[in-house]
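The following pair of complexes shares a single chain, subunit A, combined with subunit B in the former and subunit C in the latter.
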Partner chain A sequence: MKRLMSMVVLLALSVTAYPQEQGHLNVRTVVQKEQVKVNEKGEAESELVAADTVVPGERVVYTITFQNISEEPAENVVITNPISGDLMYVDGSAFGPGSDIQFSVDGGLTFAKATELTVTEDGTTRSAGAGDFTHIRWVMQQELAAGAQGVARFSAVLE
Partner chain B sequence: MKTVVNSARLFTRLGIAAAALLLSQQVLAVGTDAGTAVSNQAIVAYDVGTEPQTPIESDPLGNSTPGAGAATVFLVDRRVAFTIVEVGGAHTEVAPGDVQAFTRFELTNNGNAIMDFDLDALDLTSASPGGGTVHGAADTDDSVGPFTIRVANGDGITGTPDFATDLPYVDELGEEETVVIYVFATIPGTSPNDAYDNFTLNATAADDATATPTPGALDPLLTESAGADDPTVIESVFANTSGADVNGNATEGADDGFHVNSAELVISKISAVISDPFGSGKALPDAVIEYTVTVDNTAGASPAQNVVMTDTLQIANVTLEDEAYAPGDVLINGAPCNADFPDSEPDGCTYDASTGDMTIVVPDIAAGASATITYRVRISPL
Partner chain C sequence: MNTANHRFVSASRWAHRLSCAGALLAISATAGAAGTPVGTIIQNTATVDFDLAGTPITLQSNTTTITVVERIDVVVTLQSPQVLVAPNESDRALLFTVTNTGNGSETFSLAIDSILAGDDFNPTPSATPIYFDTDGSGDLNVGDQPYTLGVNDPVLAADATVDILIVNDIPGTVVNGNIGFSQLTASSLTGTGTPGTEFAGLGDGGVDAVIGTTGGEASGIGEYLVSDVAVSVVKSQVVTDPNGGTQPIPGATITYTVTVEVTSAGTTTASVLRDPIPVYTTYVANSMTLNAVAISDAIDADAGELDTSGPATVVMRLGDLSQADGVQTVVFDVRID
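Let's look at the complex of A and B:
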């Protein structure tokens, strides 16, 4: 809740600062819920449904789509997404075609591959786990051509 | 290799043991509170040519204007999970006439919202499924009641019952909190010995629409939200053992009962000829007959109190033998008693010679014991 409020304040300021500026990309984030159901063959299948009803322990999926709506290619596209404190990133769930996926364990100050991050607590250093990640970052390896669309996705469990 | 000390994310990972020291344990143990808005927003940075552009924030519907996006938010819904258990695993042993006899239950909220619980005690009968059997004993009696439900103050387990009001509901039970509920009953004086009166205590989850505690009133009973609906509303997902009941509410029940321990008296009266004019041992005119009345509480589970024995002698044919057990006329458990009329001594024995009415007040007879009253009559001479 606090996070949301601070964001609202930020937005209000930003709007005042850049009221008319039109960017080159259209960015959309959709949240869905991952629901596991048993199909006719008796196999467990997961499907994405609207995140209308989410209770602790359930898994949500965030899908970020970004389309270049300008006439020029976009270079060095980097998508950064903070992970809400009420959510726990699902290990290995981050997905993004053509992107190098990196994580932060320090609130978004620094990023590295998941396997390269460590955490030190009580004087002991260990490899970082899914629960340590505060931010995810997708670094596009190629330019995003005019009119092209990219996607980034990750899953998290509501704590 | 990058090494970062991160204490903020540490809490969630270490789990309950460490978190209890640092944060409110109940919040973590049952998950994010219902009503929490979980927001997420991606920021995309990019260059055009070699010129860095102003990053663009995401929006649920798509945004291309820097600074104009909005977070993608969902509201955490209500996970309805709770248990009600009977405390002790046995019937409450009671005696006829007991007032404020009570049994105990424990209600625990395992959900992610502070909730109310409506309470209802339903009497089981021998016609109930399974014969209304609780703790291995079928229901044999429906005389106990009405049941009064009270919610305990404090832990409710030690000492005498402590309760604030007669509220038949639990007001604002916190996450991971347990409350003790008493069910009180008055045991009728006529309840038979070894009777079992069983009942079910039902608890039904209730909360207001915003999952905000509103003490002092029972919130509306919750129904499970079905189908696609408004993501801005806190909905309810039933995670209780029984799911939805016939009314669509989340109800859990626990059984208990009262076991009546009463006196169970068996009366016998035998006679023996003490003397007769001819020494024949026969009940002839002018013979003296001794009656021995035994009041037996061997089968009883409680002391028999205020026992009064009455006998009406047929004064046309017999008279009570005066001073048969000098200085008394009657023996009660071997102790002499003067059967005068009216009773001039507080010894509990009266005999009205004009009517033949004899009244004997018998001392309390303990469970498993018996009392004996002995008196003699003389058959009227010819």
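Let's look at the complex of A and C:
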């Protein structure tokens, strides 16, 4: 029994054995919000500023950048990001060059293209909408060469 | 998009919401239209899976944190229909609902304004012009708590509402058909201004507060209509005796004609004429007409009947009447006993 316990601890450790600083892939995420300003010409311009604080109705932009800092190409790169329950994904906002973008409506258990997902409520099945998505996943279609960078981005509105 | 269904889905998500205190949990339970409660913390961590030289590796990104601060918004909704008034009436109330549509607790000051453009007269705010509709009746009653600026300004949680009465006297100079406006304004005590204006540290729990789309201030306008309706009712009679004369003798028939007419602006609603049969006479069966159309004596779907539940009475329902309806003529016969 004691041996079993220590095995469990070991397994748990192995999951977190690679913090982001470790020398394989450097992955960073930032959250920003749009601030609309009126320029000298009287036109509305929006710029992205740090989103430390937000109010309901505000739109935030999550940007995930990743760089292969190892000597080897990284293969089968998949970025997965949850969408908090207080946030509503902005339809069509997910962006990721070279990635196939997929969504989950079941807490990240299964993923598919947005148009292929359905939700069953009270016995009736309907197409999934932006408010149903719990996770977004970017599946890179090609390997990430040593030294290469990638980006994944999406927007959401605070409910 | 904040539907109940969506909320249900949300609850089962990997919601990275941290509630700092038990009190926050209580607030979030009531969160609805007003949005995510003040103080909610939303964390985000991305995960990267990849293979390196055939070895699967999972990495986590840094964790970003955003804090939900207070958005100040308020809506004032008129609940009263047009209130019908007469000259010199006092303490006539208009009912409004004030709703905190922000996402935090907020205190609001209330103000009345009865000098508004676009109407025919200015109602006069009563000595105590604003009340809480404490008894929930929708009208001013003993027991409704008076409002005093700075003393009992309503404190509303996110999504909470309070019913407010504003009370005016009607001047003696008004005439039928005149309309008078009166306005209730609710203003956030934290601040008002153009949307996006920030008040650092003045939100719930010391977070920042930001003015929302309503500007932190809202008004509703109610309407008084002077409707002191004048109605003319004229009754005349013609006697026909059995001998072909006009003598009111036993056996003679009296034909009564009652005319009803609205002679001023305004409308009488659900008007009913009740005319008791005189003593020593008996109603002549099936003799009543309304505007020359026969009306049965029975209590049925038509406009009238002979009510015999007490002293026999001709009853005629004339409905809503205004000047435009002209003269309504009711005719019936009685026989002298």
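Annotations for the structure displayed:
Keep in mind that, in the parts below, the second predicted complex is superposed on the first by the 126 of 159 C-alpha atoms of A that agree within 3 Å, B and C clash if a C-alpha of one lies under 4 Å from a C-alpha of the other, contacts with A are read in each partner's own complex, and residues count from 1 in each chain.
Here, a residue touches a chain if its C-beta (ideal position, glycine included) is under 8 Å from a C-beta of that chain, and two chains touch if they have at least 3 such contacts.
Not measured: the values here are computed from a predicted model.
Superimposing the complexes on subunit A yields a three-chain arrangement in which subunit B and subunit C clash. Applying the stated contact rule after C-alpha superposition, one finds that A:Thr125 touches subunit B and leaves subunit C untouched.
Of the two partner chains, both subunit B and subunit C are touched by A:Phe66. Of the two partner chains, both subunit B and subunit C are touched by A:Leu158. In the superposed model, A:Lys37 makes contact with neither subunit B nor subunit C. When the two complexes are overlaid on their common chain A, residue A:Leu144 makes contact with subunit B and with subunit C alike. Of the two partner chains placed around the shared chain by superposition, subunit B is the only one that A:Glu116 touches, whereas subunit C remains out of contact.
Across the superposed pair, subunit B and subunit C both touch subunit A at residues 15, 18, 22, 24-25, 27-31, 51-57, 60, 62, 64, 66, 70, 72, 74-88, 105, 107, 119, 121, 131-132, 134, 144, 152, 158-159. Per the touch definition, subunit A reaches subunit B in the complex via residues 1, 3-4, 7, 11, 14-15, 17-18, 21-31, 50-57, 60, 62, 64-66, 69-70, 72-88, 105-107, 110, 112, 116-121, 125, 129, 131-134, 144, 152, 158-159.
On the side of subunit B, the complex with subunit A involves touching residues 1-10, 12-13, 28, 30-32, 34, 36-50, 52-54, 56-79, 112, 225, 228-231, 235, 237, 239.
Put simply, subunit A touches subunit C in their complex at residues 15-16, 18-20, 22, 24-25, 27-31, 51-57, 60, 62, 64, 66, 70, 72, 74-88, 105, 107-108, 119, 121, 130-132, 134-135, 144, 152, 158-159. Chain contact summary for the complex, subunit C toward subunit A: residues 1-3, 5-6, 9-17, 34-36, 40, 42-53, 56-71, 103, 207-208, 210, 212-213.
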